[in-house]
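In the two complexes that follow, subunit A is the common piece, with subunit B as its partner first and subunit C second.
Up next, the complex of A and B:
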């Protein structure tokens, strides 16, 4: 690292960089559950393999006694060669930060049954349903184990390694038909139906049992129990997937008592684009543009999380300038995302479009920089393993790029934040609709594995950039934004705080960009035909604007494609807490509460 | 005698005295009204406020401050299909979503138009090989304009909308399908079903035929095994 790194000011207020507490906990678990836990001895793998019937006890010990109270990610893995199914858990300590405690459970592939962790960590709810849906792992004790991304009646579990999609060509890319032979054909021509469909052999529809109308509403139950005292009936209302306030194709089934919410079930999967199945067929580098399309408002930082994960696998070095550019892009993405989110949140609260229009005109500046740098406004496909794809452009909007950035960071963005703050923050309606609504306590936020602004607005100062720093964040001076009331209004405020902190980071980054001008932006390894030097697993995570975005991947030695590729999507997991936050409020508040979580469907459904 | 083609392409034969030939034009109601209809329709296309995926973000940007879609009279995004004229299919159509999109289309009042925005809506795009993705909305809906791109920039979308306007300019009330039918429900498109996979009801017979063939094959195989045993 060169001398352009600023010395971190050595005052007492500075946050501490934590020592890694994982080793200590691993030792404690081994001592306590001697016969039931063992090191994962496969080369390149880590963590503990726990026997299935003890996982609940181990998880409880981890949560209650050892301080790893945040179950971030649950991943199902199909180990077809060993004839096993594996569930991988990543747990973190909110207080101590640091790396993940990785637990694994391996069960028989033909009858994969794992005790559910949902009663211990409610945040596992949707993730376990996802593993059931896509891999067919049955979680015993799960309160509501139904399909979540596909629909009831879908045939098979698509992420199993022996399940093939209708347009299946080969196990892994590059497909022989494209390279080197180059005999491209249209997949439709090879399908009898001319479409992307397949049916189980011998399946004949009668046409009558599949009524579209009833089918769309399947899974929603109408309850007619009357409430004591008043003669009212609860009624179930459907909201979405085509609804102006569900931010895309999200759908909720609400049970109402009068206008009050007494039950809420999110229904998702309307944008399930099979990111992981496609990702496991892709080569490593082919996945980068797909990550753009996860949280499509923050493509740059999606890229970053993914390349960090792969860099762990391939042990790549990143040149200094590339790191600064990465931080520049990631923080600008955060600002652009939050401007977007606030515009929509205010829209949902009744400030129809006006704040949005004010925010977006400045967001366009950031998009112009992205377009000039990476070639696209939204789908940047910019990060590479060991660096970034291109250096900063010479000019943006007819201005030299450094001048443009200077203007952006010191003038335009602070101005729009200030303006928005002045016009909206004190607004009576915003306060009336925001304060006290959609409350989520700190304990619940942790239990539901909430991440990002949702977690921090509930008074939990957990930020991956600080708790488990990546890139150069440990050298940067910024505060972890935190608010304590856990309501809509605080979630509004915290996004402004975060943008301000991002500006603070950007101010520190600009001198480095100037100082490293012309330096190399990518490591020496060629990007094409990239193969993993060693077998192993890796988990790359970043603090995305919406929360912790994690990529879990495993690879075989010398392989060009990931074996398992899983995304821990913050929007998806944050929705677990939605029901809790909405209970007892009115229908109109659901819209604002959903807006305050800030979801994006590309990431919820993947 | 002057022969003037009317809006239907047929010719009418009416005698016009020579001294009036310069001041009389023989035309049809359609020809007179078409420009007015088309002018008003093309300049107030109300899109359905309906975002599917990433492309929807660019659609919103098109509607927002910088690109300002209201220059074309299209800023009125309607949340209800009943009030909308134009469906912008802005993103990946998944199998789970396809029945709902077709239903929304059926609910729109005529005249109605469909613009397929982006690679996904037009042909599956980067996600075409996915098991839950419909390889192009035109498998289920009639599409008027395709806009390529992933995502199309706002400029590209505006270009697509202008193409749509040009298409509307070509229409005539005499030939437009929605003024010609006797049965108002005739145009409703069949809504696909969710079975073990997406079922296009127009293909039910084909699916049954395939199933019968597969069953026969299975039986034949079983019989062969029995015979050899």
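Up next, the complex of A and C:
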């Protein structure tokens, strides 16, 4: 890093530096569970391998005694060569911050049974269901182990390395049929049923196997118990998947007593495309544009998380200007995402279109910058390993780019935040519908592994940018926004707070951009066929607008594509807390509560 | 007082309403409210006031130079009577290998004696699959595949119309120059530079044997920097 940081006009407090508590905890665990834990000795790997029958005890000790109370991600891994299934847990300490404590459980591949951590960490619920669905790992003691992303009648577990789709071309890209003798064909015509489905061998559907009426409610509490004193019964109602308030194809099966919610099960997967399987077949660079499609509102940040993960694996250097551009893009993405989220939240609360349109006028400017820089408004595909793809453009809409940014940061965006404040913050309807609804306590937010604004609106000031800083965030002066009431209104306010903090960051970034003009934006020449120099695993995480976005990947030495590629999707995991937040409220509030979580189905369903 | 928040909000809406009409009136004497490209550039920028609607498809926002849509193949200029120009593509296959959704099919050209010829025999892009990521153009070492600006590709029948063949994909270099002038210039400069250093190398090779050309390597490194910094684009 050059000395421009020292010359920065904006000076603040010293950056918060956390000790790394992971080593300490590893030692403590080894002492307590001497016979049951061992270091992961594979080259490039870290963490502790815990024997399966002790994982619940270890997790409880971790949560209660050692302060690692936040289970961030649960990843299933198919180790086909060792004939094992592995579950990888990443746990964090909310109080101390720092790196993840990585726990691994390895079980027999033919009969993979792992004790469920859902009773200990309720946030593991959906993630364990996902690992069951995609890898066939059974979690004993899980209260509701059903498929979650694929449909109930799906045959096989698609993330297993030996699972193949009906039209299977090759194990990894690039496919040999493309070059040098490219005979063009349409893949969909090669599918047996015209669709991408397959049935068990020797079995053809007769149409009577699937009872749509009952099966689609399997696992959903349903009772004919009446309310005392009234002749009523509980009803199960489907909200979605085709419902404008669900922000995409998302279904909630509500159990209602009158109009009051007594049970809610999110049903998802309508947009499922097995991003992770695609990712494991892609070469490393081919994955970048696919990450755009996860949370398609904030593609720049998705790119950033992914390249950070790969850079950890390949140990790439990033030049200074590239880091500043990355922060610029990530923070603008945060603003544009929150503008979008607030627009829709207000829409859900009844402020139809008007605030949304006003927010979009500014969001449009941010997208204009993305388009002029990266070539696309939403599917940016901008970050590269060791830098970014292009430098900032000369001009955005006939305006020199630095002037444009200056106008944006000092004039337009502060103004729209202020205007939004005037427009709706004090509005009686917004307050009446927001205050006290969708309450999530701090303890619950941590237990449910909620992330991002959802966590911070419940009074937990946890932000990856501070807790485990990446890029240059430790050199920047900003506050972690936090609100304490944990209701819809606070989740509305915290997004405004976060945008203000992002503006503060941007104000500090602009002088650096000016100072580094013309400097290099990429460490080394990008390679189209990158071979990973080191074997190992890496977990890249960023504070995405919606919460912590993590990429877990493993690679072999000299491999062109990741061996395992897992996305910790914040909107997916945030939905775990949805039932808790909606209990006891009315149907109309569900819409607003869902809006306040801010989900994107591209990321939920992956 | 109850209702104050609502009234405050109404005032904001009113402000926007008025600002939009004031801006309309402002542009009335400067080329008109609608179908005015100059007005559009300003009203869509940070200087814009009020709310403006772009009347697509009568009006279109100009796209920036780096805008990317389905790729096309660059060819030499057409000569009179020619249907399409000479391909720049050497069918090296890098674009087909880097393509994330694998939507590029290339059949490498063959000379009569069966050896490969640096020219594609067939070239297909399935635009249904193409995700407009631009990696093919980014990694093409011959500037032979570029991302287009023409985003109006809708058709009535996707099964027959959406696999673009070489004829459909080929566009002359002047087209690329017209949609991305700055970038085309930078690429031209880079190509000329490489040519120059190559010919220098040749002539020097004749004079002074195989002396390592440090100068040249520095120059080449500089060029690479220029390309990857993107300062020229």
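Brief remarks follow.
Basically, the second predicted complex is superposed on the first by the 565 of 606 C-alpha atoms of A that agree within 3 Å, B and C clash if a C-alpha of one lies under 4 Å from a C-alpha of the other, contacts with A are read in each partner's own complex, and residues count from 1 in each chain.
We take it that contacts are C-beta pairs under 8 Å (C-beta built on N, C-alpha and C of every residue); 3 or more make two chains touch, one makes a residue touch a chain.
These numbers come from a predicted model, not from an experiment.
Look at A:379: by the touch rule set out above, it reaches both subunit B and subunit C. In the superposition on chain A, contact of A:178 is made with subunit C only, not with subunit B.
Of the two partner chains placed around the shared chain by superposition, subunit C is the only one that A:423 touches, whereas subunit B remains out of contact. With both structures placed on the common chain, the touch criterion links A:357 to subunit B and to subunit C.
Contacts of A:271 after superposition on the shared chain: subunit B is touched, whereas subunit C is not.
In the superposition on chain A, the residues of subunit A contacted by subunit B and by subunit C overlap at 289-290, 357-358, 361, 364, 379. Residue ranges on subunit A touching subunit B, taken from their complex, read 149-151, 153-155, 158, 165-169, 187-188, 192-193, 195-205, 207, 210-212, 215-216, 241-244, 248-249, 269-274, 277-278, 281, 289-290, 293, 296-297, 356-358, 360-361, 364, 377-379, 601-602, 605. Touching subunit A in their complex are the following residues of subunit B: 49-54, 56-58, 61, 64-66, 79, 81, 91-92, 94-97, 99-100, 103-104, 124, 126-135, 139, 150-151, 153, 191-201, 203-204, 206-208, 210-212, 214-215, 218.
Interface residues of subunit A facing subunit C in the complex, by the touch rule stated above, are 173-175, 177-184, 186, 282-283, 285-290, 292, 354, 357-358, 361, 364-365, 368, 371-376, 379, 381, 387, 389-391, 393-394, 396-399, 404, 407-408, 411-412, 419, 422-431, 518-522, 525-526, 528-529. Those residues of subunit C that touch subunit A in the shared complex are 2-6, 8-9, 11-13, 16, 41-42, 44-48, 51, 63-68, 91, 93-94, 96-100, 102, 104-108, 116, 122-124, 126, 131-135, 138-139, 147, 159, 163, 182, 224-225, 228-231, 233.
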